[in-house]
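Here it is: the structure, laid out below.
Order as written gives the chain letters A, B, C, D and E; numbering starts at 1 within each chain.
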Amino acid sequence: MSLLTVNDLKVHYPIRGGFFRKVVDHVRAVDGISFELQPGETYGLVGESGCGKTTSGRALIGLNKATSGEMLFEGKDLAKMGKAERRGYTKDIQMIFQDPYSSLNGRKNVLSIIAEPLRNFERLSPKEELLRVQELVARVGLNPESIYKYPHQFSGGQRQRIGIARALALNPKLIIADEPVSALDVSVQAQVLNFMQEIQKEFDLTYLFISHDLGIIQHMCDRIGIMYRGRFVEEGTASEIYNNPQHVYTKRLIAAIPEMNPEKRFEKMHLRQSINEEYQTEYNNYFDKDGRMFDLKKISDSHSVAMQ
Amino acid sequence: MLKFILRRTLLMIPQLILLSLIIFMLAKAMPGDAVTGAFMGNPDATPEQIEKIREKFGLNDPWYQQYGRWIGKAVKGDFGQSYTHQQPVTTLIAGRVENTVLLSLFTAIMIYLMAIPLGIIAGRWTDTWADKMIVTYNYFAFATPLFVFALLMLFLFSFVLGWFPIGGTVDIRIETGTWDYVVSRAKHLFLPVMSAALIGTYATIQYLRNDIIDQKIKDYVKTARAKGVPEGKVYTRHILRNSLLPIAAFLGYEITGLIGGSIFIESIFSYQGLGQLFLQSINLRDFTVVTALVMIFGTATIVGTLLSDIILSIVDPRIRIE
Amino acid sequence: MKKPVLDIKDLRTSFRIKGDYYAAVDGVTLTVHENEVVAIVGESGCGKSALALSIMGLHDHKNTKLEGQVNFGDENLLSLSRSRLNKVRGKDIGMIFQDPMTALNPLATIGRQIEEPMDYHMKLSASDKKKRTMELLRRVGIKNEQRVYEQYPHELSGGMRQRVVIAIALACDPVLLLADEPTTALDVTIQAQIMDLMKELQNQMKTGIILITHDLGVVAEMADRVVVMYAGEVVEIADVKELFENPLHPYTRSLLNSIPSNLEAKEKLHVIDGIVPSIQNLDREGCRFAPRIEWIPEEDHEKNPEMHEATPNHFVRCSCYKTFYFPEDRVGEREYVATNS
Amino acid sequence: ACTGKDEKDGAGEKDTSKDPGKDTEQTEDGEDAEEVEEDPNAGLDFPLTVTNTGDPIEGGELNFGLVSDTPFEGTLSPVFYSGAPDADVMSFFNESLFAYDGDYLITNDGAATYEVSDDNKSITIKIGDNVNWHDGEPVKASDLLYSYQLLGHPDYTGTRYTFMISNVEGMPAYHNGETTEISGIEVSEDDKTITITYTEATPSLLSGIWANATPRHHVGDVMTGEVTMEELAASEKIRTSPIGFGPFKVAKIVPGESVLYERNDDYWRGKPQLDSIVLKVVSSASVLEALKKGDIDLSSVPVDQYLNAKEIDNIELLAKVDLAYTYIGFKLGKWDAEKKENITDPNARLADKRVRQAMWYAMDNETIGKELYHGLRFPGTTLIVPVFASFHDASIETPTYDPEKAKALLDEAGFVDVDGDGFREDADGNELVLNFASMSGGETAEPIAQFYMQNWADVGIKVQLLDGRLHEFNSFYDQVEADDPKIDIYQGAWGVGSDPDPSGLYGRTAAFNYTRYTSEKNDELLAAISGEQSLDTDFRAGKFKEWQELMVDEVPVAPTVFRYALTAANKRLTNYSIEPGTDLRLWQWGVTE
Amino acid sequence: MKNPVLDEKQLIAQEKLNNPSFMRTIWREIKHDKMALGSLILLIIILSTAYLSPLFIDNAALTRVNFLNTWKPPSATNWLGTDDGGRDVFGQLMLGARNSFTIGIAVTVLAGLIGLTYGLISGFYGGAIDNVMMRILEFLMVLPTLMFIIVFVTIVPNYNVFTFILIMSAFYWFGKARLIRSRALQERELDYINASKTLGTPSWKIMFFEMFPNLSSLVIVNMTLSLAGNIGIETGLTFLGFGLPAGTPSLGTLISFARNPDIVQNKWWVWLPAALLILVMMLCINYVGQAVKRASDARQRLA
């Protein structure tokens, strides 16, 4: 059984306007996406800025209300849960945030940051709590002494580890990582990515990994969903997506990855140009007359594309 | 854009209604009503007589009916009768409104005339001696209560030096409408205006200086410099436009401040304006006048903020598209 | 050999922090030729922007000390008066800033902002200016230029704004273009477009470009020559092919190894320990990268390391490159214990 | 009887009294010089007339300072005005038909002459032929009638429908709207003579008769429906272009601030000396500066600035004893609005007159007068001010500062300090704490209130300020008038007008009898004072004496101080006098070079 | 690995050393700015004199009227002379400074609390709640505050220091609420708030224990600066006669003597010290406040 099944999830934000600030329209931030997460895998959500990646993640964790659709976590629909019931699942789904600077409360020391979920869900004596936190801190590779330090005394990568330790405190099953490294320097990025892979094995975690960096997604993910304007344009395993992109948007996205081999740069440029042309000419194969993507169609067991 | 202005103007209506409701409640809470006014000092009035008149004035109706009547009249400019002055409040206020408007207007003008250049100088040449002097002046402007300053100005310039009249709005001997009349008015206005303005520059200078300092390091300023825009033009064309914009937005709140100030200023300089009238009426418990004045001043600030918003919407393209 | 347009000699930019000056750009020597793209790479805080701003004279004068020479044509930009400098900025040298969201004046129309440098550097009639502006807008790939001309920055998307910023930089046909991370704030697809656009423009206009970035992918796509900076110093200079094929300096090599797309999926990435030192606590005597490669013995580093020409036109600083190796290549997995806490 | 006036006690003299009763013109006249000598502070010898006897110049201009911290309201009609500042403004252009002598009685030297009928019930008034309104219209008898018609009108909301009006025959019927004619008033054929008949003969006639005419043609006629009463009260004709038949006419008014008067060449007594008068409102704080700078030539001077005023070289100080007294009132009952009379409560906290006497003995008014007012105020004695020489009884022994006596009285009354906290408890051992209401205003109000409370504390009576603060004039009187149960004692002041009859202030049916003190004896004496028998002055004086004695014994109120009113005149002022019944009138005032 | 449990106290002490709290930053900033340091010292001197004065000044004697001793110029017994009631001006000055300052503090704190709560709630929830709360606030902000206060002062039945504080506080929290709200709105977008939400922390806890500490420097800065303003308003109202009840001296009471030119010139000791004291106090608070403000903004810090 899959850990999480998302069915036709929609998140719409109202646009107010006109004379009485009525809701005149909606931003269809997420407009009907469906996917499944298998236990232990890393699922990548990728797409350009504003395509609704964050919104999807936030809907799953409960920071946004889903407008419609199902989010079945171990068979139970998160969308239909009341506040209290939902709280029970807080332990199971956790999040790693993009910005390691703003995701830690600068006014609290590491101990209270990491202990926050413990205090909410477990009644521990201060001693027990201290031990648990020290354990976690040690696990994410920080010096146990650092629990009395404050976030500003750590580097970006270290901070991100503190955030991860906090997410791990409740032994979650699913971790949603929204651009966990894009605020970090290349060198530090590597550190965090390596570490995420390590703990995944150790804690048997499932990741929903959100990023706009195709390089990182390729590096991290087993399966990938490409999002565009709130919908999926293509879904498949990493190699299917990278080696055999079907949707013109996916192609465009992949072509946009800078070429690391200077010799091939003109090739790449021409590739981009030709994909652009394809985009123009074959637009109608990929988008309906309203400019909306078609629904996903399976082209193989694991690979589906939004095409007519 | 027109739509924005219209919407913003319509938004004013509930504000005004709320204001009038609050004031109406306050008026109800104040001791005395129209009848008390009529019978002030007439010990011969019997309770039946008073009751009859209460009935006649509709003071026994439910509050919303009374409110409806009151607001209905107020909209037409009828705020009832002042019982110390035995004349319609509207007449009473009309006689003074010009004075207060003049005072506030010139104060506002003076404030901007002084504060904007000073704020710009201080913001542009931070940490120079000029900036330090301006900042020090500004600290003093902040720290000196308006009434203390006004008292000292009055004492120094009217009593000791005798340069300006001690009080009033105009010399009665001068023919209305002549040039001398204007001069006389100006002479009477000068001290009150300057006292209020010299102290009132604080917020504007402070704001402008800080904002210019903030704007200076913005990227778009770097872009401008990178274009080869001469330093002076960087300020006039780029920084100042951005910094001065919110000053327009302050206008509305400035009005609130000026009203507060006018109470002190008019009282200290015996200047016949609405602020002084307010104080006197409060002291004489002439609550019909008080109510009307609060309503008028409240409306003035609401309209002031409306104006600010409209001005802002016109000069700021980011708001313009709505 | 192509004609050099910009010749930086031993540039040192120091900032005053609590009364003392600390160099953020520490003795950079660099030449940019006509029709050449020189990329400057390095982690955040290496002094890339500080260098670019020094060239343009955009630093806050009161708290910055500039030493050395920035020769442009036959003038040293560092010793020019403000007004002389203003004759050069925007005309001969254009600059593109990183964040198109903030680089435009929110209160002026796009048209005005593009025309502004023409006001100061070209004698053009209003209609000529407008014509030229339209032309520029078209050239940077804006199709509905009539409309954009009248619009305000907030009405445009990020990619469009960056195009406008480029148009401004190109307004007076500069000989040299300084681009400080022109694509970092943009989406991958837009980044690709902008890169293509810049390449195209460069091909047409033959300007020299200094391209500042921390993205080695961008470097690989755009640059002719690459300058790797670390802690205010240039640590390696080479032609782009040479650099990617044969990186020498440990820093360059580490950087290249930490990029995920360069490796097979799921393989461990290389991690550079520690962080770029801040300019205040920087050991300026030894090899500045030494603290981050502690496994390399001290004696392998130079004292006051110099640039060496390792192969023709490939310069590298400090001799440690000769003995550098990646520990994971030798010792398997490393424990993730942070070193600088 | 005559109504008294609430008067604000305090140096500020923010006189906004609700019912000043009489014209200022009348109150400006004072008492005889001899009476001043009777005063304990006779050493303060102020002149009543300016010493400058130089010849006035032609075309002189006088600057009059109206000392008030509130501007004049500008209701410039004797019928409708309410504030004292308005009275001051009116005094320059409007005059009463009669002139008054030093005893505040009408004379035949005014614009009209009179004759009283033998039964003392009616008076015939004849208006001089050359008396014309400022617009040239002659002053008619029907103009005086108009005043009566307005005052008695059912729609009239002002406060001057007093005894001397309602006493006119037929007035009550007119007042109730039963008729439109006032049967007691008759106007002659030529409209120059008017006869007013009263229901009751009263000794107050010669001092209390209403004699201000209203220019019917100018302001409009309420009787014909030309204007309504409400419109009239708000009319421009009263507010900005009023007319009278006084020596000066209003040329221009800056509302609330200043008035420019021009000479009325057609004045019935002759051409006034001054060309113009400028009246300016000056605050009590700045009046001395204005005098010193010569900005104003003439003004009253707040008592608390006396010492500084003395130092000013270019002015001369004139003074006379004021028709007013300050007092401490003891709340003894309630006003019964149904019955319209005062009900004394025998169980009032201060019902024991010994306590009231003790409190009088405890007050050190001498110090206040001497130290605070430098002799311009002196301890009050009886409730008839010494100005009324024939009625004031100086021989009555009244309490003076004597704390020991006060303590003895309190002991006797059973108020002793049983718990040793320095304050006395009543016979049942309950703590006695009195609430004291006092008015704010003027710089001396607060220290004086504190001082009295200390005085009382010294003899063991704990007194605290009502609500812990001084009360503003209007709310003070509102509370006192409403018999707020929180008030035990209060400090008030009465301006007594020109008629000494105290019925309006102390009678059983007098609403102004704020202490609500009543007694059979009091009723009897007051009735006698205003009764027909009192047309005999000796009889009246006897009753006055008895009444004064009664009041000193019963102490419903304890007079605290009598006062001098100070006037400052620039030394260039000539032909100016504040003497009552003086021959130097407004039209003769002048200035020298 | 080392034994993770270390001596806790030692750790905390060590931590205090390398993480300067906001208070320490303020102190560093003040130490660095001579004006601010001088101001702080002066303020402490003034206030401690004022607050400790009851120890050596007899309060009852201070309010005792003595007409034999009015308007005495400064002397050895009356350091600043006496007023119209013969009362010692110096004592009244101290008492007035104490009253004015206490009221200033009380109003600042109370208004601060109201504004903080309002702003936090509005900013934290955002959306419709914020919309409604902001409309209300916008409306309140355009009320002619001073007039309303004066009206309230005159109509409250039981007027005393406490009601005065309540009335003033009721009208001086609007700006704070708006300021807090706008910062709270920004703050709520930050991930640490989202993190707390996803960790199951209840909203009120997030508001007051997560968000508030991050706004505390803003609150402190704003409170310091509005303290001066509130003292000014109190003295102003008292000057107009709508402030502290009679018998409760305030600096405004003493300054109101200056309405009379004679007193301004010839009896300067009554009003001038009060006027100077208030000026000095406000200046000091402002200098300290500006230093606090700089401390809260790393970019502006001098130290």
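Everything that follows uses one rule, which is that a contact is a pair of C-beta atoms (placed from the backbone, for glycine too) under 8 Å apart; a residue touches a chain by one contact, two chains touch by 3 or more.
Predicted model, so just to flag it, every value in this text is computed and none were measured.
Which neighbours does subunit C have in common with subunit D?
Chains that touch both subunit C and subunit D, as defined above, are B.
Just tell me the minimum hop count from subunit C to subunit E, counting one hop per pair of touching chains.
2
Count the C-beta pairs in contact for B-E and for D-E, then report the pair with the higher count.
Top pair by contacting C-beta pairs is B-E.
Need the CA-centroid distance for the pair subunit A / subunit C, whole Å please.
Spacing between the chain centres: roughly 31 Å.
How many Å are there between the centre of subunit A and the centre of subunit D, using C-alpha atoms for each centre?
Result: the chain centres lie 89 Å from each other.
Using mean CA coordinates as chain centres, what's the subunit B-subunit D distance in Å?
40
Where the centres are mean C-alpha positions, what is the separation of subunit A from subunit E, in Å?
47
Hunt down the residues of subunit D that sit against at least two other chains at once, touch-wise.
283, 286, 289
Give me the residues of subunit E that touch two or more other chains.
241, 259, 261
Inside the complex, what are the residues of subunit B that reach subunit C?
Listed in rising order, the residues are 127, 217-220, 222-231, 237-238, 241-242, 245, 315-318, 321.
Name, in rising order, each residue of subunit E that touches subunit B in their complex.
138-139, 141-148, 150-151, 154-155, 228, 232, 235-236, 239-242, 255, 258-259, 261, 264-265, 275, 278-279, 282-283, 286-287
Would you mind writing out the residues of subunit D in touch with subunit E in their complex?
Contacts found on subunit D: 283, 285-286, 288-289, 304-305, 308, 367-368, 371-372, 440, 443-444, 446-448, 450-451, 454, 465, 467-470.
Which stretch or stretches of subunit B touch subunit E in the complex?
Going by the criterion above, the answer is residues 15, 18-19, 22, 26, 29-31, 139-140, 142-148, 151-152, 155, 159-160, 252-253, 256, 259-260, 263-264, 267-268, 278-279, 282-283, 285, 290, 293-294, 297-298, 301-302, 304-305.
Would you mind writing out the residues of subunit E in touch with subunit D in their complex?
These residues of subunit E touch subunit D: 63-65, 67-68, 70, 83-87, 158-160, 241, 245-248, 257, 259-262, 266.
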